Amino acid sequence: MAVLKVTPSKDTPKRDIAASFGSHRLGLSDALVWALAIFAYFFLGAYHQLGTQVIIMIILALSLDLAIGYSGIESLGHAVFFGIGAYAAALFALNVLSEPLTGLVVGGLAAGAFGFVTGLLVLRVRGLTQVILTIAIGAVVLQVATTWKSVTGGDDGLAGYQVAPILGRYSFDLYGHTAYLYSLCVLAFVFALARILVNSPFGYVLRGIRDNDQRMRMLGVPVAARLLLIYSISAAIAGVAGAISAQVTGLVATDSLSFLLSGNVLIMLLIGGMGRLTGAFIGGIIFVIFSDRAAAIDPFNWLFMLGGLLILAVRFTPQGVGPWIDRMGGYLLDRRRKP
Amino acid sequence: MNDTVLEIVGLHKSFGALAVTRNINFRLEIGARHALIGPNGAGKTTLVNLITGALAPSSGSIRLEGRDITRYSPQRRVSLGLARTFQINSLFPSMTVVENIALAVVANMHIDAKLWGALNRRKQVLIELERLLDVFNLSGSACQLISNLAYGQRRLVELALALALKPKVLILDEPAAGLPKEDSGKLSELLRRLPADLAVIVIEHDMQIVFGFADRITVLAEGSVLTQGTPSEIRADAKVREVYLGQARND
Amino acid sequence: MNSYWTTGISLLIDGLSFGMILFLISSGLTITLGVMRLLNIAHCGFAMIGGYTALSLVNHFGLGLLAALPIAVAITAILGAILERTVYRWIYETSALGQILMTIGLTFIMIASINAGYGSLTHTLPTPEFLAGAWHFEEISISAYRSFLSIVSLTIAGLIWYVIEQTDFGARLRASVDNPRMARCVGINVRRVFAQTFVAGCALAAIAGVLGTQMLPLQPYYATNYMVMVLIVVAVGGFGSLKGSLIAALGYSIFDTYFRYLFPAAGAFGIYILLALILSIRPFGLYGRA
């Protein structure tokens, strides 16, 4: 009779086990997306700034996806990290060094550190209480930024800082060409990082926590520490997005900390689909471009439409349009297996 | 004695004036097959919760391999080698069978904080997964989502998760509950094949499984140990007949 | 009496009246959270709708504030009842995150509609003439309107207390907040109790919206701008606890009023630090349960 504890065989395991993981695989689709983004550079014409805006929002949505989609941390205050990253990068450029890459790191670290500290509070609770806590923290920071005029410029915003050429070579131009490519490079880096993260053992542990945190604890995993880690990472990525925004626009306003921004990112993720990385891309592109176009025509009608769309979207496509596009496009996007 | 893995001394738990666990002592040796039985309300679940750390005892101590774990968190006890299965399905519903088991393997290998190196490219993980899938005959449904799995198969995954932790002590909480009759034979077979050096505590109502599996039985009644002994001693014990078997017959 | 006392008392009245306005808005929200576990981001929108309806009644029909109040409240309550039967049926059925997004959507629609109808300017409702100015007691001068507001809202709070503690409906509501499943088992129609409470909550918010325009002036983004404050009150008070909301609202506004007076440069900073402290000690609020 076979005993369960057989000595592990020296053979390499069958490949089909590796293939039965729902990991995020790079495929032709990703190549297409990136090709398109670089291609767009030559055809965007006057819209490079909008393109940059899209990319920044994709990075922010990616960071939120790591928290909500992959780890089940329900945050409606992600703008805080974006704003802190933006202010940190701007203040750094103003007072210390105008070198942009260091500025990105500073923005990311500042936001990550704030994520770590607030995570100690936010991650103690779950569900609605968690949502409200994230909203409340957002309100506190917004209030501080509005009040502390000597540092943040208050409602007037923070401006007047210079950003040196990237790598001492590529300076930011008036048309936003450099800014577009710069943010695209950062997005590529962040996306690669996020992919590695979600496919790693840690990434699977996060999904396990999202599904059933009690059971994860009973597998001997220190759940609180793991959640704190991903929350800090997610905050740092949001901070990097904010830092780029500060560098390419030359202005940080208190808007960057607002509840509205937190809500909008969540909407992007909802449109694109959560827990699938690509959702951030789809949602970011659709949301930013539509809202820019519609807002140019009539900001308040756009708000009305957005409200209506939001209700209908949650009602009828709770998974977002991501899976939908998957099904339609097939090879156009990843063939990631989705429950 | 050196062979003792788990030792429980004078364990006591009361909620206010209500004592639900009273002065429980027992020890488990390497490779023990211990059954915990007793009528409903005898305090089996409370005892399991005390051992796993879901509840803190009012007094008494629990030792795992000589180390006093009475005050340890449930999670720490697991990483020291005290695993359990759950009565109600408690898996990761949006993940596949192989991913579920992989989580336990990851926890056991202490790579749960590795931020890079894709999980499905880690050779040791894959080898271990292949072994567990073979043992539990789950290879065919490796890609299935837990939520699409039949009840009996979920119990297998539950067992696979527990064994992936390579525990020293395994607590099986009613492994046969809700299992169709034809599957409980398979379960007995599976239980017989558990690693020989693993100490197992099983809580079960199905007496066929209990008497077929255990080499020692503890009978609980009203929170305290009524008697302990080998299956044949328990079978012959008049008190047990009265308190437990008699009642079961009347049900 | 010295001037410290004078200022102290007039600040207290300011804080009290503002706190009671906050409480009136929070009361509906906290019940919604307690019974249905629904975070209704659109709740402040009902206060806004009440305020704007009164604005129309005052401007177009020449009604006084106090005459417009019951009509505006009734109209808001009817709107609340209609929405509860339609859009909110969908909202109840989705996940927690979906609910939040849907109610944000509803809030957007409210904001856009108000803007289309009234423009983006800020409005306040006129104070009735007999309540204009201030009352003077020796050296203390107290705003008549603020005092009136405090008295009216304290009366309403008393009424809420009476309904909840002394009536049949209140008993059913309390049972539903405590344990919705158990309430259902003993034959309480929790859905219906909730619908009625929801409408009452809208009406209370509308009262606050109409009476509180001095402190919370009307503007299209009313619905989102003040929501955060109300959410904080509810979180600090604990979901489903009216008592908690009352204490949190009063504590919030009175502390905030004094702090801003003593340290004008620090603004609302003090209150947020205090709230962060309270929530880190009691994440589920003063009267909340896990």
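Read from first to last, the chains carry the letters A, B and C; within each, the first residue is number 1.
Going forward, contacts are C-beta pairs under 8 Å (C-beta built on N, C-alpha and C of every residue); 3 or more make two chains touch, one makes a residue touch a chain.
By chain, UniProt protein names: A, C = Branched-chain amino acid ABC transporter permease; B = ABC transporter ATP-binding protein.
These numbers come from a predicted model, not from an experiment.
> Can you tell me which chain lies farthest from subunit C, using the average of the Cα atoms as each chain's centre?
B
> Find the most central chain, measuring centrality by the gap between its CA centroid and the centroid of all protein CA atoms shown.
Chain nearest the centroid of all protein C-alpha atoms: A.
> Find the geometric centre of each of subunit B and subunit C from their Cα atoms only, then give the gap between the two centres in Å, rounded to an integer.
Comparing mean C-alpha positions, subunit C is 52 Å from subunit B.
> In whole angstrom, how far does the Cα centroid of subunit A sit from the Cα centroid of subunit C?
34
> Could you give the separation in Å between the centres of subunit A and subunit B, each centre being the mean of its C-alpha atoms?
41
> Where in subunit B do residues touch two or more of the other chains?
none
> Show me the residue ranges of subunit C that touch subunit A in the complex, using the header's touch definition.
Listed in rising order, the residues of subunit C that touch subunit A are 33, 37, 39, 87, 90, 94-98, 100-102, 104-113, 115-116, 220, 224, 227-229, 231-232, 234-235, 239, 265-269, 272-273, 275-276, 279-280, 283-284, 288.
> List the residues on subunit A that touch subunit C in their complex, please.
Those residues of subunit A that touch subunit C are 68, 74, 76, 121, 124-125, 127-129, 131-133, 135-140, 143-144, 146-147, 259-260, 263, 266-267, 270, 300-304, 306-311, 314-315, 318.
> How about subunit A: which of its residues touch subunit B in the complex?
Residues 1-6, 8-9, 11-14, 16-23, 196-197, 199-205, 207-208, 211-212, 214-223, 225-226, 229, 339 of subunit A touch subunit B in their complex.
> Under the definition above, what is the set of subunit B residues touching subunit A in their complex?
52, 74-76, 78-79, 84, 86, 90-96, 98-99, 102-104, 106-108, 111-131, 133, 135, 142-143, 145, 147, 161, 163, 165, 192-197
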